[in-house]
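Notes follow once the structure below has been shown.
Chain naming follows the written order as A, B, C and D, and within any one chain the residues start at number 1.
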Amino acid sequence: MSRTLMQRLFEPTSIRDMAIGTKVIVYSILLFWTAFVLFPIYWVLITSFKTAVDVNSGPVFLPFIDFQPSLHAWKELFVFDYEDTLKAYVNSLIIALSSTAASVLIGSMAAYALARFEYRPKFGVVLTFVLVMIAAFYAVGAYGVDWRLASASGIAVFVFLAIALGRYFKARLSNGDILFWMISQRILAPIVVVVPIYMMFQQVRLLDTHIAIILTYTVINLPIVIWLMYDFFRSIPIDLEESAQLDGATRIGVFWDIVLPLSRTGLAATTLLVMILSWNEYLLALFLSTSRAQTMPILVAAMNAGERGILWWSMSVVIIVMIIPVIVLAIILQRYISKGLLLGAVKG
Amino acid sequence: MTVVLDKVSKSFGAVKVLHDLSLEVQDGEFLVLLGASGSGKSTALRMIAGLETVSEGTIHISGRDVTNELPKNRDVAMVFQSYALYPHKTVAENIGYPLKIRRLARADMEAQVRDVAQQVQLDELLDRYPKELSGGQRQRVALARAMVRRPAVFLMDEPLSNLDAKLRGHMRAELKHMQHELGITTIYVTHDQVEAMTLAHRVALLEGGRLQQLATPRAIYEDPENLFVAQFIGSPPMNVAHGTLEGGTFIVGDDRVATGGSETVRNAVIGLRAEDCRVVAPSEGQLHAKLFANELIGDHTLVTAKLGEDTLSIKASKDFEAGFDEAIGIAFDPDKIYLFDKDTGARIDRRG
Amino acid sequence: MKIKSLGLGVASALAMSVSAQAQDYSGVTVEILTRPGPVIAQRLVERGEEFTAMTGAEIRVTEVPFSELFQKILTDWATGTNSIDVGVFASGWATELVDGGLVEPLDDYIANDDKINVDDIAPYFREFNQKIGGQTYLITVDGDFQMIYYRQDVLEAAGLEPPKTWEDYLAVAKAVHGQDMNGDGEGDFGSCMFKKRNNQSYFAMGTIAASFVQTKGTNEGIFFNNEDMTPKVNNEAWQEAFRIYKATGEFGPPDELNHDIGDTRGLAMAGRCALVIDWGDIGPLSISEDGAAIKDKMYAAISPGSRRALNVDTGKLEDCNPTLCPNAIDGINYSPFGAFGGWAGAINAKSDDTVKQAAYDFLSYVNQAEQSNVDVTIGWTGYNPYRNSQLESTELWVKAGFSEAAAQNYLGAIKDSLNHPNMASDLKIPGAQQYTGVVLDRELARFLAGEITAEQATANIEEAWEEITEDFGRDSQKTMYNLSLGITN
Amino acid sequence: MTTTDDTERSGETRAAVPGGGRERLADWLDRHAQHIFIWPAVTMILIFSIFPLVASFIMALSRIRLRGGSYRVRFVWFQNFEKQLFGSEQFHFLGTFGGMSILGWVVALLVTGGIVWWVLRYLMSGPTVVGLVGRLFTWGLVLGVGWLLAATFFSGHPFGTLGTTLFYVIFGCGVQFVIGVGLAFLCSLPIKGRSFFRVVFFVPLMITPIGVGYAFRMMADTTKGPFSPAWQWLGLGDFAWAADPWAARFFIMIGDSWQWIPFIFVVMLAALESVPRDYVEAAQVDGASSWEIFKDITWPQVVPVAATVLLIRVIEAFKIVDLPNIMTAGGPGIATESMTLHALFAWRSLDLGQSAAVAYLLLFVTVVTCVSFFNLVVLRRIRA
């Protein structure tokens, strides 16, 4: 019985050919999942219209029927507190959009470079660089050497060693190694690097600025962009690019006029994904922003006001308001993504 | 506009794919680089275009050293085998792209695109996208895009090989006519000897990364420099028979053929074009062979005969008839033979 | 929101009256960092607007999640980023900042300030909250210690007395648990106590432990032995406190382990709790719009005491006698816990002088009786009474909405606690967050989850505390601990 | 030809050599395009990823205190790691050890046996040095974790943040993968309302994880959440999921799945739909059953995508922090605390050395797991 059911389920033909029982099963699974997906959203939505009493004295489900919706949370956020809300919203928009643009651009460039140029860095030189960097850190940490001095002399030592020893190194790395290295950066949990990044920005007096968060988000999303775009670029016929070069375009012109337009499906999907990630990021923003650059996720977290309990109603408002830009972007990018969302991207 | 290659070499790592290639292409000349795949002809073309770096040697275009020049500054245009049309641009945008890059005024650009499109009969299709065109139309777009900026040199990389046979013949004629009309120096890569013979002012035949011969189609056919050239050109390929040369007499089996020279070469090869031989009675021929097969082609019969280990093809009259394994004689004019050194491949009898 | 507009109205009215002889700070901006939400922060914003109207100084209040607040301030000041001029945070955190020389001493400012009237501030807050090692570093905006709240109506109906000891507490909770207390037909809870990890459960824990541990007065302290800085935690007193804390869960909401202070207050305000341990906030909250269910029904008392107390030498609990419990009343040792110590403002020592003066003037403005006496009566501000003048008469409170009886009870409980000579002080030494917020909190959570026994928990705490003390340096920690308890020698 | 004059004339204009610095700059850029394209990314990764990584390592070897105006760094070598692995934090990171139960021994021996078999099988199959070194890490990790679970979980003792994190990763990703692929399959069937389902199923991905955490905390509240009447009705009114380690972990998994299944769903749906119909039709003509078609035709074609999407998901799952932080703050006890949360708590108490040490341990586990997965599963699938 179950085997025949399986067979029917996997029948890749029209629904009309499916047995009525199969149809019922398929639709009930899909509808159950729809309910599972939508109910929390519905709950957040109605909570944004509830008062404290409605929330705290047991659950109520239907506006106008078992509770009287109130706009107080919306008013509070958009009328009384609109400055703070607006500030965080604008911050989030600036940060998410700029970092998305930057990482898609820089990441695409790197992915293109890896797909089209050949790199053969010497393993020994790379190793030297890492060792010199560790030594410089040790000097700063253990002996209190000024970091500017340490990094300047570090670079000098590295350049000297690279020139002096370079020709003795034989082993070379390839594009594949570089690609793997870049993509593997995504494995890094932000918690590993966030404290040094914090200290770095603090040293250059950039804490709590947009630029600090934008730079950081750009970097954490670079691996994703490189990962997703690399295959897209490889699939573009190289003739097109050579032809454009002969037509007189520079490499950058080729990239801009030919390569990017031809990968817009991938670009659109990547952009959407990266945008979602940076728009929603919390941990890094928590470390790197204090007041001026505070973003929306921090504002959501701040709705947990401790002594007075979580302001569920205000928090719900913020959650809802936070979805809007993502949806707008998704709609804008929709026509490029169509049904190929994220595919090709991860094709391997 | 001349193109001069001076001892150009190319290595990929330890592998040398082009050895000291020297060429001089005259202004307005149509030069075909002919060779089998892997012969280095495409590499040579891409080096002229600047798509590959030059390992050794220099390249001059119009007297200017462009060895290390960027492709875009070489003033060359290229037509690719795949046509390399930009799928996201219309025909007009494709053709106009080189002009757009040069920041031409929009009005000028449009006018020139229309002119060129007219020349290649594309003026009805300017608003279409490449995917909406037939193969031949795409080919014209690629040509038009190369023509629109009147480059010093046209480079063509097997531009006809993606077309079906009938269209290919038609396009070949058009191409030849157009090149004549425009008078632009053209370097054309192909593996098809018919294309090479029909299109070229001169053919450069490459093999194994080495230039085998550079000459007019007629010369290359009638006066091949070595065994490879002789066998590469012509359909069917030149017949060869292995033997020895003793004081100007070529000995193969029991046959002795006087060659008019006086060389002695232990491993020698005699070459004969199929159309230069005649099938005669065994007693009348200079060479004696066994008939292997005969095929009626239409205007003639192609006779295949066995001479020892070697196989010879001979064009006979369409009325020729004979049985299998019958002994036949092969007669030829002694002036029409070619002699090669089997070990070096060099021509022996070419003394002029 | 209604309460906010009310607040603004009050604020602007007051602004008119005090704007007479203010200094001109045009162009000066004071950056304040504090916790988020209406609590604490919102009132600072409103008072800031008034202050701007008066002096021209711009007051910018930034809010970060509570759990990140201290790190933000410490790193900002310690690393020299100095984007913050004033931190408004728990007074207990200040020691570490003062230790690093990061906080501006305020005695000189106070000496030149004729309006702050520090003598009006209750002694505990004046001496222990605002001062570190005898120097004033902080300006209190909120007085914090924990009390017990009980549903007068529920207890009366059941014929029960408000609990005096923790045994009573459990008995009362048991007796009324499951009754419907807010008339919605559902059973409600005998006791509500926040127990969520990484929130503030260790404060409630301190309140329970204090009455078992500390008997000899505020100077004794409940966390460490002030002779040699050994932890005073691996003993029967703390273990008993652990068990009581867990036992209250039987009469609480089922998922109490996941309730933070906010959840507990939400339940209390919805009228679902008979007994609650909390700061002074519940009183004013009960007269707010959301507190309708408990208005004039939630009474307060000094937090429960104990008939047994710790013998420090043996580590055992012994019955109280006059030697062991010199401060006991009727044989019961009370020790109200100054949990958290209250919100207070500290000024960055590295800020510009003008900014510092403006910052001080602003903190003083918020602290002054004229402002604070209004603020402490409004529940949502999170400000609790800390001035004598706020406790002397019920007039303010009745005006704010209390019934006379409720006001008297509320103020009585506060006075009982505040004037108690055995009030227990919160831990105020460098690393306090690590000692309590991390180690104590974590072991408590594991104990509540049933992973370990009370004995294991206290032993783990002792070990981890010793490690932290070694880390920070035993001698300096001992000095700081003694200073925080007002012992100077 | 009339046009010849035109082209001739404009040809001259075009042939004119454009001079000036601008053109030289463009040429310079073009010649160095190889470097210009890649160096922004390399530089940024070096500064914001590699540099902090090294700094973090130094921190993990130190005690750091913030004092007025500066950091005070004291090197303690591996003390921080020692504390986590053998010292007073052992229960927190690894778990509480006690006597091994019989079940524990069985599991331990099974794991050991499995590894031995794996090692032998690999050694028989012609090993390479790189392959061997890489696998040594994998074997070490599997063996270590296996024994750890045998000594804690299977012996009835609570495990630490390492075990919790691995639970989130292995169990969470597994469930999400199965459901995600299943839903994608259902939506790839030609049924009515497909586009509706695919839009709806995508929505959770757009919601900020922090918001998801709070929303699910609301959902799961047994006194005021939407399901509290159901709880009461089922007689579970006194059941507290937040007090039970496994229930708490389970609830966090539900929230995490709600958010991340859409990701797997979307990618797999695209993959399933891109399988050419010809193959399926050809197989149908050959008389294959539907199940065989899915098993032999469709699935093998989407396996590379499936392996990659699972890898991406695993990488992200190791970083889980928002949900446990918000829903339970790591409680009850330390039952739901992930390693990132562990490190975050240490940072909150300004114990930077410990924080970095935990972060590094997380990095180690993540890298070994992901690289093993990539080399042993993804690459193999892609090559196959």
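Operating definition for what follows: a residue touches a chain if its C-beta (ideal position, glycine included) is under 8 Å from a C-beta of that chain, and two chains touch if they have at least 3 such contacts.
Because the structure is a prediction, the values reported are computed rather than measured.
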Of A-B and C-D, whichever chain pair has more C-beta contact pairs: C-D
Chain closest to the middle [Cα centroid of all protein chains]: A
Most distant chain from subunit B, judged by the mean position of its C-alpha atoms: C
Between subunit D and subunit B, distance of the C-alpha-averaged centres to the nearest whole Å: 57
Hey, how far is the Cα centre of subunit B from the one of subunit C, in Å? 95
For subunit C paired with subunit D, centre-to-centre distance based on mean C-alpha positions, whole Å: 41
Overlap residues in subunit C, where contacts from two or more other chains coincide: 68, 75, 79-80, 186, 199, 260, 266-267, 272
Multi-chain contacts only, two chains or more: what residues does subunit D have there? 30, 71, 217, 223-224, 347
Give me the residue numbers in subunit A that touch at least two other chains, ranges are fine. 55-58, 199, 250, 301, 303-304, 310
Set of all touching chain pairs, with the criterion as stated earlier: A-B, A-C, A-D, B-D, C-D
Please give the residue numbers of subunit D that touch subunit A in the complex, ascending. 26, 29-30, 33-34, 36-38, 40-42, 44-45, 47-59, 62, 71, 73, 75, 182-183, 186-187, 189-193, 197, 200-201, 203-212, 214-219, 223-229, 258, 262, 266-267, 270-271, 273-274, 280, 289-291, 293-294, 298, 304-305, 308-309, 312, 315, 318-319, 321-322, 326, 339-340, 343-344, 347, 352, 355-356, 359-360, 362-363, 366-367, 370-371, 378, 382
For a test of understanding, state which residues of subunit C touch subunit A in their complex under the given definition. 1-2, 4-5, 31, 33, 35-39, 60, 62-66, 68, 72, 75-76, 79-81, 83-84, 182, 184, 186, 199-200, 260-267, 269-270, 272, 279, 281, 285, 290, 292-293, 380, 382
Would you tell me which residues of subunit A are touching subunit D in their complex? 3, 6-15, 26-27, 29-30, 33-34, 36-41, 43-44, 47, 55-59, 61, 106-107, 109-110, 112-114, 117, 119, 130, 133-134, 137-138, 141-142, 178, 182, 184-197, 199-200, 215-216, 218-220, 222, 226, 250-252, 255, 276, 279-280, 282-283, 296-297, 300-301, 303-304, 310, 312, 315, 318-319, 322-323, 326-327, 330, 339-343, 345-348
Using the touch definition from the top, list the residues of subunit A that touch subunit B in their complex. 237, 239-240, 242-250, 253, 257-258, 261-262
Of all residues in subunit D, which touch subunit C in the complex? 63, 65-71, 88, 92, 96, 158, 217, 221-224, 232, 237-243, 245, 248, 327-335, 345-351
